[in-house]
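For reference, the structures are reproduced in the following blocks.
Each of the two complexes below includes chain A, the first together with chain B, the second together with chain C.
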Partner chain A sequence: MLLATLAGGISLGFLYGLVALTLILLVRTTGVLNFAAAEVGMLCAFVAFAALTQFHLPVLVAVAVTLVFSGLLGAAVYCGIVLIRPADPLTLSLRTLGLLLIVNSVAYKIWGANSPYTFPRILPEGVVTISGFNVGYVQLLVIAFAIVIALAVWVLTERTRLGLLLRAVSSDREAAADLGVPVVSVDLMAWCMATVVACCVGILVAHLFFLAPDMMAPILLAGFAAAQLGDMQSARVALIAGVVLGIIQSASSVYFNQPELSQILSFLVLTVGLIIRGRFRGRVIST
Partner chain B sequence: MTARETPSRFFRPPTALPVMMHPVLGVVILTVCLGLAPFALADYQLTLVATGAAYSVAVLGVAAGFATIGMLALTQPAMMLIGAYVALYAIEALGLSFVPAALLAVLAGLLVALPLGWITCRLDRFSFAVLGFAFTYLVSMLMSSNLLVGVTGGELGKPFPSANVFGMVLHDFTNYVALAVCVVLAYLLAPIIFRSTMGRFLIVMRQDDVLAKSVGIDTNLHRILLTAIVSAYGAFSGVLVGLASGFVAPPHFDVALSISLLAMALVGGTRYLLGAAAGTLILLVLPAMFNLTLIDRNLLVGVVLLACLIFVPEGLLSFDRLGRLVRRPPAPERTPAS
Partner chain C sequence: MTPGYPMQRRHLLTAAAALACGLTLASAAPAHAQSEPGVTATSIKLGMSAGITGPIAFASRQFSSYMQKYFDKVNAAGGVNGRKIELVVIDDGGKGDVALQNAQRLLQQERVFAITTIGTATTAGILDYLTRQNVPLLFPGAYNTELVNPTRPNTFALFQAYEGQIAAVTRWVYGKKGVGSAVIVRANPPSFDLAAKSAAATVEASGGKVLATLNTSYNQPEWASIVIRLKELKPDYIIVMTTASDMGRMWKEIAQQGAAPPKGIIGISPLADQAFLDTAGGPVPDDMIYAAVPATVVPTSPEAKDARDLSPGETMGLFGLEGAASGAVIVEALRRLGADVTRAKLTALLHDKFEPFKTSFMDTVKSSPDHLMVQSVGVATVKSGAFVAATTEFVK
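So, the complex of A and B:
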């Protein structure tokens, strides 16, 4: 029972961690907190769904088409929200709130009537029996995919030239521009990368649970929490925080058998975590 | 020392006073509009205007928080729920009349806000926004759930009882008059609060927190006070929404509403007293009058919010600044070469 709960919690937690990763990627590079990150992922999941069920594309082609679409969407969002009239990070973050409402409403208008949908099974079905309890392959594969995506982002940001440019812009934007770093192109790449990761999260969430315009609301909230616990800077801490939150939610919903109590517990963990993090940060700064 | 630099109790520093530009004019316009509405509108439209006016009080709180220290007060729907239920039980169970029930609700909002304000002092702006989101989600979910169905009525909510003021039971027209008076009072109070010494301290805090601390401003105390005031506006708005619509249903006060309230504040313009009213009119009242569905309304809110933040970041009431969109800024003066 414990292992099954753990597997469920960890797979859920990795999804939280990935949402946090998309948020941190943008905050570190551009200073923008993208409130619409999860909704963009939901939109991409619907595109994958349409590619699979309406156009009957093979799974790999459908996923590739969706990933390309998500990259282009990221570029379009960057041009339409940021580049059109640059502003301070707070204003840009608030613009993404408008985008959140637009994407959500458009999804409701197009797909809302018959939602929720069952996402086509693109991952193998079946279960593994651990200590007499069944753990789905899907959950294990979600964990594996999440780790691969996180590693890919880490390699891209830490071991490539693009990553070096991203870190240069994140460290000092004006100095980087003075030294010839193409800041706009780097920003554009950051938006594209974040949207591609959000797309992967959207597809995984749709596969793990169901596909609906409102499927990402709880994931986004927990992703925000994980990102905040990582101080909007540390992807590693955010991933760990996401996993911890996932395990707590999963375990409490099983043991309390009351979803409300589980949510209260998550809220308390978030509050305490934020306060402790704030105090810890204060101490580090003061020393 | 020039006359301009002479310290005087009448001297007002030339810093931007965020909330409440032209406060007297704003209150006069609001009073006239609310006063004329019963004579110009049908009953259904009047109910919509009354509900919108009630919501605009919560928007005013959000606008005040944003304009002073850039607070993203996303806890407002939760405060509205708390205020509405406290007033509901104060009238129903304790038999209080409307005024003490509303005051009790405001007090409840203030009390709930104190720990939130304490947390605000320890968090940055975005962390507090996330916490606000989570708090609203939690309160709305708990009050809609079966866990508290006996108290809140669950998803269906509870009817708001008929209130009485000074022994007179409020009905259609008197209900509207009482609500309009409350709304005008809330708007009247805002400039008084934010033009006070506290309001000026908050402006200094927004400009430079370290500077504010170094000149002796207790920034933590002022953050807590601001959170309490914003929440009190939310709780009061909840009471007024209950009075206007006749019922309180927790699912209406969810996370989406917190985004909508922020959008209304930003669209109207947080630096203007009537910004809250204008935002509410455009994003809540008019769509309801045109019978837009919830999805269409959310789409409208998203599009208008995005367009405003791109083209008129200071809100639709910043008429004096709209010219910047079409006018090119004057070229900087050339200094003669030495």
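So, the complex of A and C:
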């Protein structure tokens, strides 16, 4: 049972890590903590759902249409809450909180009535047995996608010219602009990329669990905790933190039989992690 | 001023007083009924608080729309004793506090004659208020034990509470498929406390053993941790009580982990809803599922044709059938009241004078001291991917 719990927790934890990565991607590139990232992912999952079930588009076309939509949505969000009245990252982060509420309310209004929905099976069905626990192909895809995104974030920000520009804009917009960096274009690119990643996460969550306006709520909290433990900067640490959280939650559900504990544990892990990290940092500084 | 004027004024005043008395008497006579809130010479207004949005939206929409369609059919045929039934539905989002606000609005602003609801948790939110106001609460689509325990003078139920449902269906399945061990999987709201106890007591009384009770939450995203425990415990039966879609997701994980119990899964009425099969995604083996269907027949059975015909283009789920059933009993009760429709007479009729009433799609309805007017449940199972009746009889 222990090994099965570990396997189940790891597959869940990578999902948390993936949500953390969508947050980190934008923080690292623009300094903005996008509280609405998960809700935007949910919105995109509904668009994919409509493309598949109402317009009966082929799977690849539906996914492509949704990804294009998400890119445009990212651009629209950037124009609507950033470009319209530029501000410091904290103010912009608070604006995304407003966006979260708007997206959530709109989704409830349009799709709340008949939710939760079952997302069409667009990925291959099947399982791989690990320690007596059957991990579905979709869960394996989540793990692979999370690792790819973590690597992509690292490569993009550390090893490409675009990443250099993104970091420059994130560090000091005015100085970057003075040096000829096209700030608006760089920001726009970052928002579009982050929204496309959020879209993929939304579709994967809907595929794994169910599609509903509130489907991201329990995952967002754990993802946020993982991202915080990664200092909103380190994709690697966030991914590891996500996996640790997944294992702890899975173990708490299996051994303590208390589903409510999983949310409390997210906060607990976050708090303890931040305290330990703060002390560690304090020691490094004093040394 | 002319000499005759005072005389004329006296005549005028007398005539006015006579007219006023006449009007008062005229308005009072026919209309003992018209003074009753929500009742006019041509209509009877009923109110419903329903979770049209939120976690029980699917059930609420079906329940309210099929009740409305039943009333539409009755109204099209001339109404009840010449009065049309008007149903005012207000969304509560599946929240108890909003349901309470809705109930207040229905009584104070809409001035409805009686109220019905859909939703176990939301109905719990308004029970005490309606009891204090002494307003009839008629046949809600809810499975609270508080509806009938203790008996409330104004409240009448049609559907067994969860504890009665699970006891009846567990007893029947144990009789049919044999005694065995069981794991109870329940959602955490307190409305399932009694049901979990009832299931455990029934298993023990039948000679079986409860291996564990596993707690889950509503809209639980991941079910792997529950199924890991199920694989470890290896029960003969799983007894499940949560929403239809949660049970569907549980089955999906059970299928993925190869953890299906050898004797079957027993559940409360949401397990018999189409949403379970829709969420389960893959095939559910024949004779794996046994679900309680309180008061009514299985929605797909031939006996439910009259209810299905209310909306021919739509797939009627269990809650749609329950809405039609509640509507049918409300209509019958109002019909038996005759022209004089008052809350006091309605509650007196339902309390101990409602003689057996039978339609094709539900068991016999009649007055009962505890105000639960149908004491039995049907049993649904899945065969060839669709719900069918596991037995033609209602079980207790």
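One rule holds for everything that comes next: the second predicted complex is superposed on the first by the 269 of 287 C-alpha atoms of A that agree within 3 Å, B and C clash if a C-alpha of one lies under 4 Å from a C-alpha of the other, contacts with A are read in each partner's own complex, and residues count from 1 in each chain.
Keep this in mind: a contact is a pair of C-beta atoms (placed from the backbone, for glycine too) under 8 Å apart; a residue touches a chain by one contact, two chains touch by 3 or more.
Everything quoted here is computed from the prediction, not taken from an experiment.
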Clash-or-fit label for the pair chain B, chain C on chain A: fit
Touched partner set for A:Asn257, first chain B, second chain C, both or neither: second
Which of chain B and chain C A:Met215 touches, first, second, both or neither: second
Touched partner set for A:Gly112, first chain B, second chain C, both or neither: both
Touching partner for A:Thr271 - first (chain B), second (chain C), both, neither: first
Partner chain in contact with A:Val244 - chain B first, chain C second, else both or neither: neither
Superposition-derived angle with apex at the Cα centre of chain A and sides reaching chain B and chain C, degrees in steps of 10: 70
Touching partner for A:Leu12 - first (chain B), second (chain C), both, neither: second
Touching partner for A:Leu123 - first (chain B), second (chain C), both, neither: neither
Nearest-approach distance, in Å, of chain C Cα atoms to those of chain B in the combined model: 5
Set of chain A residues, in rising order, touched by both chain B and chain C: 108-109, 112, 258-260
Touching residues (chain side chain A, partner chain B) in the complex: 33, 81, 84-85, 87, 90-91, 93-95, 97-102, 104-106, 108-109, 112, 217, 221, 224-225, 228, 232, 258-260, 263-264, 266-267, 270-271, 274-275, 278-279
For the chain B and chain A complex, residues of the former touching the latter: 70, 119, 122-123, 125-127, 130-131, 133-135, 137-138, 141-142, 145, 147, 255, 259, 262-263, 266, 295-296, 298-299, 301-306, 309-311, 313
Sites on chain A touched by chain C in the complex: 1, 4-5, 8, 11-12, 108-109, 112-116, 118, 121, 125, 127, 132-134, 136, 208-210, 212, 214-215, 218-219, 249-250, 253-254, 257-260
Chain C residues touching chain A - in the complex, by the definition given at the top: 52-54, 57-58, 61, 188, 212-217, 219-222, 224-226, 228-229, 231-232, 245, 248-249, 256-258, 278-279, 281-282
